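Labels run A, B and C following the written order; every chain starts at residue 1.
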Amino acid sequence: MFLIDELIALLAANLILSQALGTSTMFIAADSKKNMLATSCVITVFTTLSSAAAYFIDSILPSSVSELRLLLYTAVIGVLYIIMLTASYFVGKNWFADFRKYIHVSAFNCAVMGTLFTISGRAAENSSAFDLGWYISSGFEAGIGFIVAALILAAAYRKLNSAKVPASFRGFPAMLVYLGIISMAVYSLK
Amino acid sequence: MNNNKKQLLGGILGDNIVLSGLMVISPVIICGDTLKNAEALVYAFTAITFLSVIISSFVPRKLPYTVKVILYALISALVFIPVELATQEFFPGVIQRIGIYFPLLAVNSLIVFQTEAKFFRMKRLDMIISLVFCIIGFDAVMLITGVLRELFAYGTINNRIVDINTLISGLSQPFGGFVFLGLMCGAYRFIRGLVSKNNEVRSNADVSDR
Amino acid sequence: MLKKARKERLIWLDIMLTLLTLELMSYFYYGMRSVVLAGVCVAVSAAAEFISLRMMNKKFTADDLTCTSDALILALMFPVVMDYKVAALAVLFAIIVAKNVFGGRINMIFSPAAAGYIFVLTSWGRQLLQYTEPYTKTGIFDHPTSLVKSASYIFNTTRVFSHTDFELLLGNFSGPSGSVSVLLLCVAAVVLMMRRSISAGAFIGTVFGTGFFAVVTPVLSSRAASLKYSLVLNMVLFSAIYIVSDVRIAPKRNYYAFFYGLFIGVISYVLVATGVKENAIIIVSVLFTPIALGFKNLEKKIEIAEKEHIEAVTAANADGEEAAAHE
């Protein structure tokens, strides 16, 4: 029972379904199921690692210069972006050729940046949450939420892009309505 | 309209960044529930995007793609600082109203990806015209969404009460934004298809716009 | 193809007959208002279906009448004193947004009735979850004088159900107009399962999942009472028949449909028991749409693999026979 309650809570806190963060990125990756799942996995890596970096930024940055937060987060993601590309290059050339497009899409978007700002905001509201472990776990949780949303979309992918869907709604508009109805169900659980 | 004109002016109707490209949709879904929020987003988006793209156009094109993307993001993060300070000075309520979606506008796909894919392939004057129309396209969608959602969810327009006796409060929620935007995208494609009198071909192409 | 179309119409007819029986019971308890509400829902659904089909350049055929059963399901889940405009909006949402945007009855993703119900729950939740007592007959255009919480809500919050078993069987307690008549629902379930008009696997799975958890982790000191109330309150039985077991939504194979229903039953039971979420089964059934779609994708892959296997075996046999003939 506890596990089911936790799962429901995780679903209710899903960044895509509750805050629409990273929806555009999801749609960019929506060319195929494989792209969608791979992108969401790379985004999870980004959210987890950049959350750890965000912890250090938040602990160093004085509140009087909070305008610099975005710049520092962007710099951190930029560094991570280069590290990820370099690492995948050394893993194997074929793998790099196949994988780099996911890294390009996953670096700068609302999913990653939104996660950092959401976590930072929550930590500012609740000082007991200001802890490296909490930042990392929150970043990872957000990434998992993105994967869950990708799976939800992937399950209906064929139907949403089917020729049976009216031409005007086929693809993205149908995906938006589909996510909207799922989001509505999640909202009504709260 | 010839192709060149279409490319320049298409940002409003023919190739709207929100309704056709599905870019920058998170703020529309979440913050587009009132006209006041919509106005705040319009201001922030216009200022950040216009300045960032113009400044980014001076980045040397010979640099590797990854470096350029990082530079574009850093430039827009830098542009965000004066825009935020100006906002605090002249429009004090805006930041509170749109919350985290204000800084998120700095990493929108129009700045990070479209610059490289579309704008920097044009001559500078053409780029500015096209950019302005793309921004106007976003602003128009944002304002229409704000007005309609506020009207049907709260029964007001710009906080002034309008006589509507059955309100759909769910429209103000994120799921309402998803559904509303989905329906708006469908209606936009339907109308665009009617205008181009080639509904089937155009809409089929839209399935994979990118 | 003809056989399939015929079957679709027969399913609709079966479902409509059982729904009309429930509507009759509702008329008996709540009077003409219940019939008018159902009429409004059905009329709006037919009009919405007709207009949206015209916009899709399709013809309205007898098969498209399935929209009326969705509308009737929605009407039976509402309190009889529901505002007609809200009911009409819910039906419009169900038929246009939750069904026809995705291609209509040939490409169903959500149960229209469940999506319509959640739409009302999120925007007019208070109105949706307040009911009149049975035998309180409100005029067609009158405003209700006294509204009460449903017996399900009272049970969820206090663990007390102050009605006899006989009243329970006949649906003589406050709640949605047509979804509380337990005896009729049981008969409908048996008839529809025997006529294969609902997914037996999904229905049994839902009942088993809810029942199993109600016995293992009872909400009352008596396990039998926990089982009884968990199955009949919170629209569990009604939803298990008309929403979870909808053949258009549930996986085709009973094996998969059973697990789909089982998950819905278990999770909705937990939500009711721990979160006091009234009628949680409808919300969970919408949330489990991707699971149903996942199962259907799996079924399709299995079908393709089976087909390929049969073709390969047939080809191998033919080759073998040819070789034997040569020898």
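In the analysis below, a residue touches a chain if its C-beta (ideal position, glycine included) is under 8 Å from a C-beta of that chain, and two chains touch if they have at least 3 such contacts.
Small disclaimer: the values here were computed from a predicted structure and weren't measured.
Centrality annotation: A (chain centre taken as mean Cα position, compared with the mean over all protein Cα atoms).
The interface with the greater count of contacting C-beta pairs, when B-C is set against A-C, is A-C. Mean C-alpha positions place chain A and chain B at a centre distance of 20 Å. Note on chain placement: the centre of chain B and the centre of chain C lie 39 Å apart, centres being C-alpha means.
Centre-to-centre separation between chain A and chain C, using Cα means, comes to 34 Å.
In chain C, 97, 101, 119, 122 are the positions where the chain touches two or more neighbouring chains simultaneously. Listed for chain A are residues 166, 169, 173-174, 177-178, 181, 184, 186-187, each touching two or more other chains. Shared interface positions of chain B, defined as residues touching 2 or more other chains, are 170, 173, 175, 179, 182-183, 186. Those residues of chain C lying in contact with chain B across their complex are 83, 85-86, 89, 97, 101, 119, 122-124.
By the touch criterion given at the top, residues 55-56, 97-98, 100-104, 106-107, 109-110, 115, 118-119, 121-122, 125, 217, 266-267, 270-271, 273-275, 277, 280, 283, 286-287, 289-291, 293-294, 297 of chain C touch chain A in their complex. Residues 22-26, 29-30, 65-66, 69-70, 73-74, 77-78, 80-81, 84-85, 99-100, 103-104, 106-109, 112, 170, 173-183, 185-187, 189-190, 193, 199-200, 203-204, 206-210 of chain B are the ones touching chain A in the complex. Residues of chain B that touch chain C in their complex: 166-171, 173, 175, 179, 182-183, 186.
Those residues of chain A lying in contact with chain C across their complex are 1, 4-5, 8, 11, 151-152, 155-156, 158-160, 162, 164-166, 169, 173-174, 177-178, 181-182, 184-189.
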